[in-house]
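You will see subunit A twice below: alongside subunit B first, and alongside subunit C after that.
Take a look at the complex of A and B:
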């Protein structure tokens, strides 16, 4: 028996040694490889630098009806002046972009990366800080970043350098069923530029008159919490990257407000994203608050045509910098360091997503609303949308976007978000806010170690 | 068994089968409904199947994905069965102390999760130029400890007398394997084939890491593509899930009888 145990231990030790060996050797390979790729890239760009004509760009993004469509439109716009340029879009779900990026960057073999990839804004700083070798600094690429909404651009800035060209808008909108509000004797004006206290008062009226809550949210997620927090310019992190949870007074107000929403029945929680979308598509709730991209889901309920209206979100009470504007979601284009023709990639981005009202007009049909300010002045944006009672929603959203306070995401955004989500669930079930926030901060600090 | 007990048993069984079959039924129904209807919880078949089919084929290259999935899975299953059964047979029939030790190392490897070896594997495959290729897909799982163990267990019940008799009749060792062992162990092969095919078909993490161009996508990757974006078309998604499920379901139903026999390890 003893010998058997001994041999097993030995075998175990051998296997561990084998893997450990693998690890260190791969690290070595990684560092040499990295320099090789960067050199190659540099060579390639000097070679092709003189002639920006011709060439091919590969792009990773994930939604055929949305960002893939937009990228293909951008290619068409660019090809008018540069007929030799080819843009190949490879459909890659966001989680896969993250997995592939992590695999490529940690193995040091960046050759499998495309020229341009789309990145969720919330993950942008995390990836640039974790894998600085994988991205290209775009500060001097010729894209005029001052023309984008400041709160949006901030997501892709690390150490004062721009790493992303902002793409879609995530400005928060509050959507309401005007026909339901009417039954409670309210109109959309009663919900414009209001505070959460007024929102709850109105919500009670709607609940009494129709039995419908004003809003549904996914339990165990904290989208609304994060939107409320950002609306007052507050973040879960400080500038220096340390967690800002326990001493964050805004967060306390947010938690109290959320609890009150839930306790009064104005907000109902559902179990999954599908149920959340289902709740307003089937008319079980009188509205929702989310990033402006939620409009596309609302519009799938064709039978509710004309019964929806859009306005800004409520503001927090008792917080100094409270505004009616926030952001949820959105993404930006990044140029990888594997890009063999950087001048082409720069020129492409600068003259499409950073310089073409034509492009933004073309992609408005798929719901992609610009964060590039000049696009909002176009006639297309001023057109009314019948689904939303003929309101010029696009222009409205561009206006909202310019007023969104910026926030800090950092490397541990998702971990902090999860910790706050857990705290929220416990607070709703009656736990003490201060204790829960302390636990959340401890969890985040533990993750950061 | 009393009548009461029997009724209780049937009620329980009906309930249990309802719980396991309902999701499948719902998947089929959802594939025929519009996205909004699926969200509203409609559980009867609708009339939107053709629209979903049209949308799905317009949105995704289903033909390529199906073709790739079949190609990768079939090649992997065939090669893997030959290799693993040879290994399992060898470990059992010619076993000695050294081979038993090697076997325990192989079993130990079962405990190392794939994600732990993924990054070094990716590095190797990328250097070898095997990204986006069939060989890249099949190589990491071409021989699995589980299958080797399964064939070793079943080789244990293979009568030594047959081997002895065949040797006396002048059959070479390799022919004993192919002409005596393989036909006798049909049910084990069927079980192993079902398992390998399903695993290969449903494999997601590895192909998603190494398949970087649009021409080498597999069915599960297409399904994952459809769940992305701000709006999910649930009718279309369920249709894709249905198409993705059918081949494994068919393989399983065809080999179901042998599968049960093979798992219990019967020699007739």
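Take a look at the complex of A and C:
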């Protein structure tokens, strides 16, 4: 009976794949690939039962220089003990992962999903709560979640169950061009453990001396706003899921600070991500503040070797829980329900991303800094980086990460984020903060209906 | 073989052959196009997030909800701004270009036609990205304007409401004028050249020939392009996403862009998003109907 059902399903999947082929060839390739994998995995599980001998895992992730590289390294580490396990990484941009996931989950046909996929932390709650059937509970999978930074695992916990194995670190770092600061008579110490008020004062000095703003940000995106907010442990949502925008005093301070940054010219807004990266790589701007993964982009400016330094971000003024630490971005591995050989997937994740210092040492070169605590003790993390003046930046970032206040992303994170971004744009153009926040909260509440 | 089928008249036989040829295409359209449409209509009466959908209560809740949605209303306004400003300018430009290129005495006609039509061969995403780069703070436009002294410092075109909208209109003009021109050119081929010669002999000025001969005779083509452009503008998506990302503060977001956000960026609300797409369908239908009533004055 089961066999018949299975074959029926497969025939169904193949027909849909055939029809879907009309739409896009890449889709077609991916789904046929997956049908094949399903077969392999099914065979493997019937052969070996519980233990994970042989088999194949398909993985979706998006950055060849970063997470794909890391996954391939993980495969190499795992294959040392399990030579007959095959890991196939399919490069899928995050937007496509989200679209494909939505399509598969709403159609109820999960067969097009891979065994493991990488998910943005900010989208984790939304996807797990919207499509509970598409993900596998990892709480008892053998991965020791207590060894990960608590603020990080919180992104992938729904109803007390773990759905994701944390991958990269998004601890916020502030990066500065020391040679530019020097022209204004400042050093990196003038930017360490400071407040935003001091930052603006310093920024004015740099602006006067060199004509360069201290920081650039993408207009219409509110990355910096969210980083500032989290640095004081504040979120756009309350514990019970209701919006926390109008009565959020921290958010008001954040908005005021952002407006002042923009008005004084210390912050300049650009239109797109490439312009943003270009602004500090070309030296038009004296620094930036972002998740530590931004280092990979900074390092592309090889001519500025040794002229960069890293420190913590400024803290908010007049907010009780203000700290110099925050988080932006980062992602976690999820196991889908389509995974036919769950034991293999569990064992793979537990013995690589959840248990191998060797892996984390290998992937440090691409800027993937662990949220897995034991990795930070490795000697590799204490080594200096010549690009950043010989500073042991990795150890520094691991230290920052442990101090990041956790926040609540909630299910409606992207709705709230966009609403606040709209408010920010209007506030910069002179609108009243209180009315704009009210509009933002109304928009979010409307979306939550 | 049964007897009645042998007795098919020639006429019926021809009809049958026609239907046999039609069937595969018709069936494909039915299953690939109409069935999903009906499914979407059913979907638009459901609410819920993600896959868990239930019938909405009251049944038209999604449709009434729309008019309380400030972002959606903003997106309707934006879309109609593009429609009202861009479509007439584009069609007039296309008409002028077509009548210039239709001149028999013009040299290098082929080269000009190709050049004007070429933008249509570019991908929507690619050209939107190019426009974004052109109007960036350190982009070509700002560079030229500051070098010749019109601006003292770069103007951030894409972060100001009106300049952002106007750039989308400019981009659309660049992309689609040539496309519409080709329709007019082919329409002009059907107008006898002797009509123009006669007009010339009667002493008609170029302006008079344009308004008294070209425009009336091209009416069906103008109607066609107007309906197609209206339809295309109401479904505008790529430019909003790639050129301005709907910004600043949703000032240039289009209806389709918002529908996309609701389905894929935010917590998915497919019922609500489907209802919005049906509103677009209704709008397109109404506008096309009005245009046909106004434009088509055949007796």
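To be clear about the criterion, the second predicted complex is superposed on the first by the 400 of 449 C-alpha atoms of A that agree within 3 Å, B and C clash if a C-alpha of one lies under 4 Å from a C-alpha of the other, contacts with A are read in each partner's own complex, and residues count from 1 in each chain.
To be clear about the criterion, contacts are C-beta pairs under 8 Å (C-beta built on N, C-alpha and C of every residue); 3 or more make two chains touch, one makes a residue touch a chain.
Owing to the predicted nature of the structure, the values given are computational and were not obtained by experimental measurement.
> If you stack the two complexes on chain A, which partner ends up touching A:415: first (subunit B), second (subunit C), both, or neither?
Second partner only, subunit C.
> Kindly classify A:65 by the partners it touches after superposition: subunit B alone (first), subunit C alone (second), both, or neither?
In the superposition, A:65 contacts subunit B only.
> Give one of first, second, both or neither to describe whether A:447 is in contact with subunit B, with subunit C, with both, or with none.
second
> Under the stated touch criterion, which partner chain does A:131 make contact with: subunit B (first), subunit C (second), both, or neither?
The answer is second: A:131 touches subunit C but not subunit B.
> Which holds for A:108: it touches subunit B only (first), subunit C only (second), both, or neither?
both
> For A:91, using the defined touch cut-off, is the partner it touches subunit B, subunit C, both, or neither? Pick first, second, both or neither.
In the superposed model, A:91 contacts subunit B only, not subunit C.
> Go through the superposed model and pick first if A:281 touches only subunit B, second if only subunit C, both, or neither.
first
> For A:300, select first, second, both or neither according to whether it touches subunit B, subunit C, the two together, or no partner.
first
> After superposition on the shared chain, which partner residues are touched by A:178: those of subunit B (first), subunit C (second), both, or neither?
Neither subunit B nor subunit C is touched by A:178.
> Kindly list the residues of subunit A that each of subunit B and subunit C touches, one partner per complex.
In the superposed arrangement, which is not itself an observed complex, subunit A uses residues 19, 22, 95, 99, 106, 108, 278 for both subunit B and subunit C.
> Contact residues on subunit A for subunit C in the complex?
The contact residues of subunit A facing subunit C are 19, 22, 95, 98-99, 102, 105-106, 108, 126, 129-131, 133, 219-220, 268-272, 275, 278, 284, 411-412, 414-415, 418, 421-423, 425-426, 429, 439, 442-443, 446-447, 449.
> Which residues of subunit C touch subunit A in their complex?
Checking each residue of subunit C against subunit A gives 32, 49-51, 65, 68-71, 132, 135-138, 156, 158-159, 245-250, 261, 263-268, 270.
> Mind listing the subunit A positions that touch subunit B in their complex?
7-8, 11-12, 14-15, 19, 22-23, 26, 29, 62-67, 88, 90-91, 93-96, 99-100, 103-104, 106-109, 111-112, 114, 274, 277-278, 281-282, 293-294, 296-297, 300-302, 329, 367
> Within the complex, which stretch of subunit B touches subunit A?
Against subunit A, subunit B makes touches at 35-36, 39-41, 59-60, 101, 104-105, 108-109, 112, 116-120, 122-123, 126-127, 131, 205, 208-209, 212-214, 221, 224-225, 227-232, 234.
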